[in-house]
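So that you can tell them apart, the chains are marked A, B and C in the order they are listed, and the count of residues begins at 1 in each.
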């Protein structure tokens, strides 16, 4: 007994004293994103976690700088013909893929074509283009049918779907067939052998990456990788993630829930970084294909059944500085902000909602709620949503699930009992929402559009007109018309606009303020 | 209980008190169980609305209305804890009852019939080869969320244990003189079971049912904690603890209230099971039913 | 001896078959079109059809079962719907954390439970015995995740001695691994030890009252030596039985603990897969656990031979 207990004490001492948490943590960057990395193809999905990880391993032809101006990234430069129809783009020297092969114009063409099949802006681009070809190994030629001012903004798109460049042999796959090999030309490369879906995704510095000479500026400029290794860890319990950050076990948390902000008080290992640009809105996306929301009146009853404050309060509590009530389809604090036709959204009226339901002949078809549990934002939102719907006369069928599953399920156009859906929460960011050309909810593209598949010839028409005009007054008017039509059509219900509070290890510096988290330029303080 | 069958005839109340003084642990457990049962039954009279959300007042400390404070959606924690008693007790008793009915029926059949024994043993072997909690999670995920689902999901892995217990008791009893005598005069089927077999199984079955009740209560908490089975708005102790995870550091009581209540209930049931086991066969001295 | 092993394995096969049938039916008689689920993102109807054909989803259930079972025997358990990775690869990746966690738990359990059980039997019916038994009942009445959270709060958050979550692979250093599983295995061990201590005590008491023990006593051997040398050996059988059966409980505990402490083991994989309706993974993992349990039970049966040469067939 005595010997055994001595051994036990010795072991305990060794455990406690032996090794700080992560002795070689200096050159490893450990990130905790909102979701899990369950796919390596950023074209097959718009999932933001996949997008964020894709920025580590892929690079883009053009990119937005901190002033939201489009800059060449993989491109050395470009020329535009006098008639505004021909773009000749030359690639930089020394670009290599992670499998050793050089990046050629053929790869760029193939990648852009694949992207163009699924991305909203990309589709418009290709509909106006006569051809996209590789003139030689380093030159890409884009021939337009008509002049279009959005060509570069499209190619420099910062958020889903980002026109990442991958080898032509992989880009040859149809976008709905996910690429399984993560081969890009970015500053890090993925170590597939160490990838454990549901747990961790591992990336290594890519020695052959040649950063641009300029300093980093949002998505543009020189991307210098300062770490040997990056790990994206999946920690579903947010409080645990914060504890891990405070304890030095991880370095960065994408979104610290408002409840947990007080935990950072007095800590010298980690602190909060508020990012307005990385903030999201809370949106309830509506599926127009399945009952009951295939009926426009029932969709408008939905608007009347909800209001923003309870959602925002449930998520942010007392941290009112992190959100604002905003019903503008193009976000508040942006050029196209407006309050046209927002009455039903901003004011909750249960009686009127019930009346509309009766008028529409609502037959009690339950609204299927996929209650996401691993993103606090969504988790709280579903809990608030259910009683609000029920009080307004809707029947609800709720099931617990996670974001990755919803991300997969929302692609289904089937009825609910065959794997389809009615509604789900999401949060499009600042950048895409503020631009009428990229806002998915005013696209009205029906079955060819983003999830929800709201169909509106009027919206399509308005967007075409918007693309054609350069007069700001006209653009503002068109934007307002878009909002008016959209809020009668109800492709979604806006439920609040938020900044994001990131958790950051205090020995890190070099973070870039951006709508999308970037990890080049970041390094440990000396 | 054996103790109660004292040779000395005393008035009932005095006898109870004497028993209570001799067996403080058992008495306390029975009282706790009784108290929790009353709480469950009279919940609406004791507490407020456990479901109504109030996001504006989320995570506020205790006040006159919500004596244990509010959770992350502004719901009254005390009310949810009180109503949570219902779920736990309902699940515990239902599972114990269903397990008993199914287990005894199948177990007696297996004990009396040779072919039945063969088949049932293989089936129970197979079912016990699958970890109980995984089976429960799988069932609960497949069927629609709800209390009935949870009860079914937890009962199914418990039945094989009961079946085996009953079968082994029946096999033992079958060879006893009064049974062979009865068989020799032609008693068979239902009367045989009813008069000779069943009474002998009641003791061990009761003990096992008690343990099944305790493990069912924990199992339902685990299921709720993992987010499977009961809808999150229904107040359950497991669900409360799952909700409390994300705010545990700042509001530890939100996890401790349901945790302590749950432990108290399970502890009482387990101790009761031990006492029953002792009473039925003091020689066995708390072997535990496994 | 070899015959015995062969016999046990042979009798395990029908059980395995039953388990396989059971799991397969459980998972495949659910509502929803599996082809759509598997096809996933942006699938065209043509692609859904292609998947339906490739997985022979139109065929009757028994045929599909034999296809699955046939593949399973060749260690091909299909692909995960969630991550498109082979199920076998997912299981292989997560074996180490679960195995380490289970092993450390078992060691801690024995270190805690056996001494407690011995002392309780030795001092039976004294206050020592009663306190130990009270502690034991408490141990398996408190849910393991409550114990887990309390341990994390004390040792990780307040004292900062041990990590809050996660698993450090053996390849990165044994000490790191032990530190990362210290709290979860302690939480599990407390529960498991409670059970084992009770059984140990009961088995020892039974043995102590037997004749040959009384003989030994009469010969003048101290109670202590009797307990440890003779009684423990004879009590080995029921104790090992409990460890074997309790392994199923252990796996249940491992499942919860891995979720609480964010350890990327097979338990976590299973829970995630079930809640995500990732059927190929669910089938594969439950089958894996069942095989494991059956193997453990056979090993338990075999180890009886070590403790009691009379038992051999």
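We adopt the following convention: a contact is a pair of C-beta atoms (placed from the backbone, for glycine too) under 8 Å apart; a residue touches a chain by one contact, two chains touch by 3 or more.
On a predicted model such as this, the values are computed, not experimentally measured, just so you know.
Chemist: Hey, which chain is the most central one here, using CA centres?
Modeler: If we average C-alpha coordinates per chain, C lands closest to the whole-structure average.
Chemist: Considering B-C alongside A-B, which chain pair is linked by more C-beta pairs in contact?
Modeler: Answer to which pair has more contacts is B-C.
Chemist: Give, as an integer number of Å, the spacing between the C-alpha centres of chain C and chain A.
Modeler: 39
Chemist: If you average the CA atoms of chain A and of chain B, how far apart do the two points sit, in angstrom?
Modeler: For chain A versus chain B, the centre distance works out to 47 Å.
Chemist: Taking each chain's centre as the mean position of its Cα atoms, how many Å separate chain B from chain C?
Modeler: Result: the chain centres lie 23 Å from each other.
Chemist: Touching two or more other chains, which residues of chain B qualify?
Modeler: As it turns out, chain B has residues touching two or more other chains at 227-228, 245, 248-249.
Chemist: What are the residue numbers in chain A that touch two or more other chains?
Modeler: Those would be 237, 240, 243, 400.
Chemist: For chain C, give me the residues that contact two or more of the other chains.
Modeler: 157, 275, 277
Chemist: Which residues of chain B touch chain C in the complex?
Modeler: Of all residues in chain B, those touching chain C are 122-123, 125-134, 137-139, 141-142, 214, 218, 221-222, 225-228, 238, 241, 245, 248-249, 252, 255, 259, 262-263, 266-267, 270-271, 274, 284-288, 290.
Chemist: For the complex, give me every residue of chain B touching chain A.
Modeler: 51-53, 55-56, 58-59, 72-74, 145, 227-228, 231-233, 245-250
Chemist: Could you list, by residue number, the parts of chain C that touch chain B in their complex?
Modeler: 14-16, 18-19, 22-23, 26-27, 30, 133, 137-138, 140-143, 145-146, 149, 153, 157, 195, 198-199, 201-203, 205, 242, 245-246, 248-249, 251-252, 255-256, 259, 270-271, 274-275, 277, 282, 285-286, 289-290, 293-294, 297
Chemist: Under the stated contact criterion, what part of chain A meets chain C in this complex?
Modeler: That would be residues 1, 4, 8, 14-16, 18-19, 21, 38-39, 44-45, 118, 175-178, 180, 196-200, 233, 235-237, 240-241, 243-244, 247, 249, 400-402, 404-405, 408, 411-412, 414, 417-419 of chain A.
Chemist: Applying the document's contact rule, which stretches of chain C touch chain A when the two form their complex?
Modeler: 31-33, 36-37, 40-44, 47, 80-85, 90, 93-94, 111, 115, 152, 156-157, 160-166, 173, 175-176, 178-179, 182, 262, 264, 268-269, 272, 275-277
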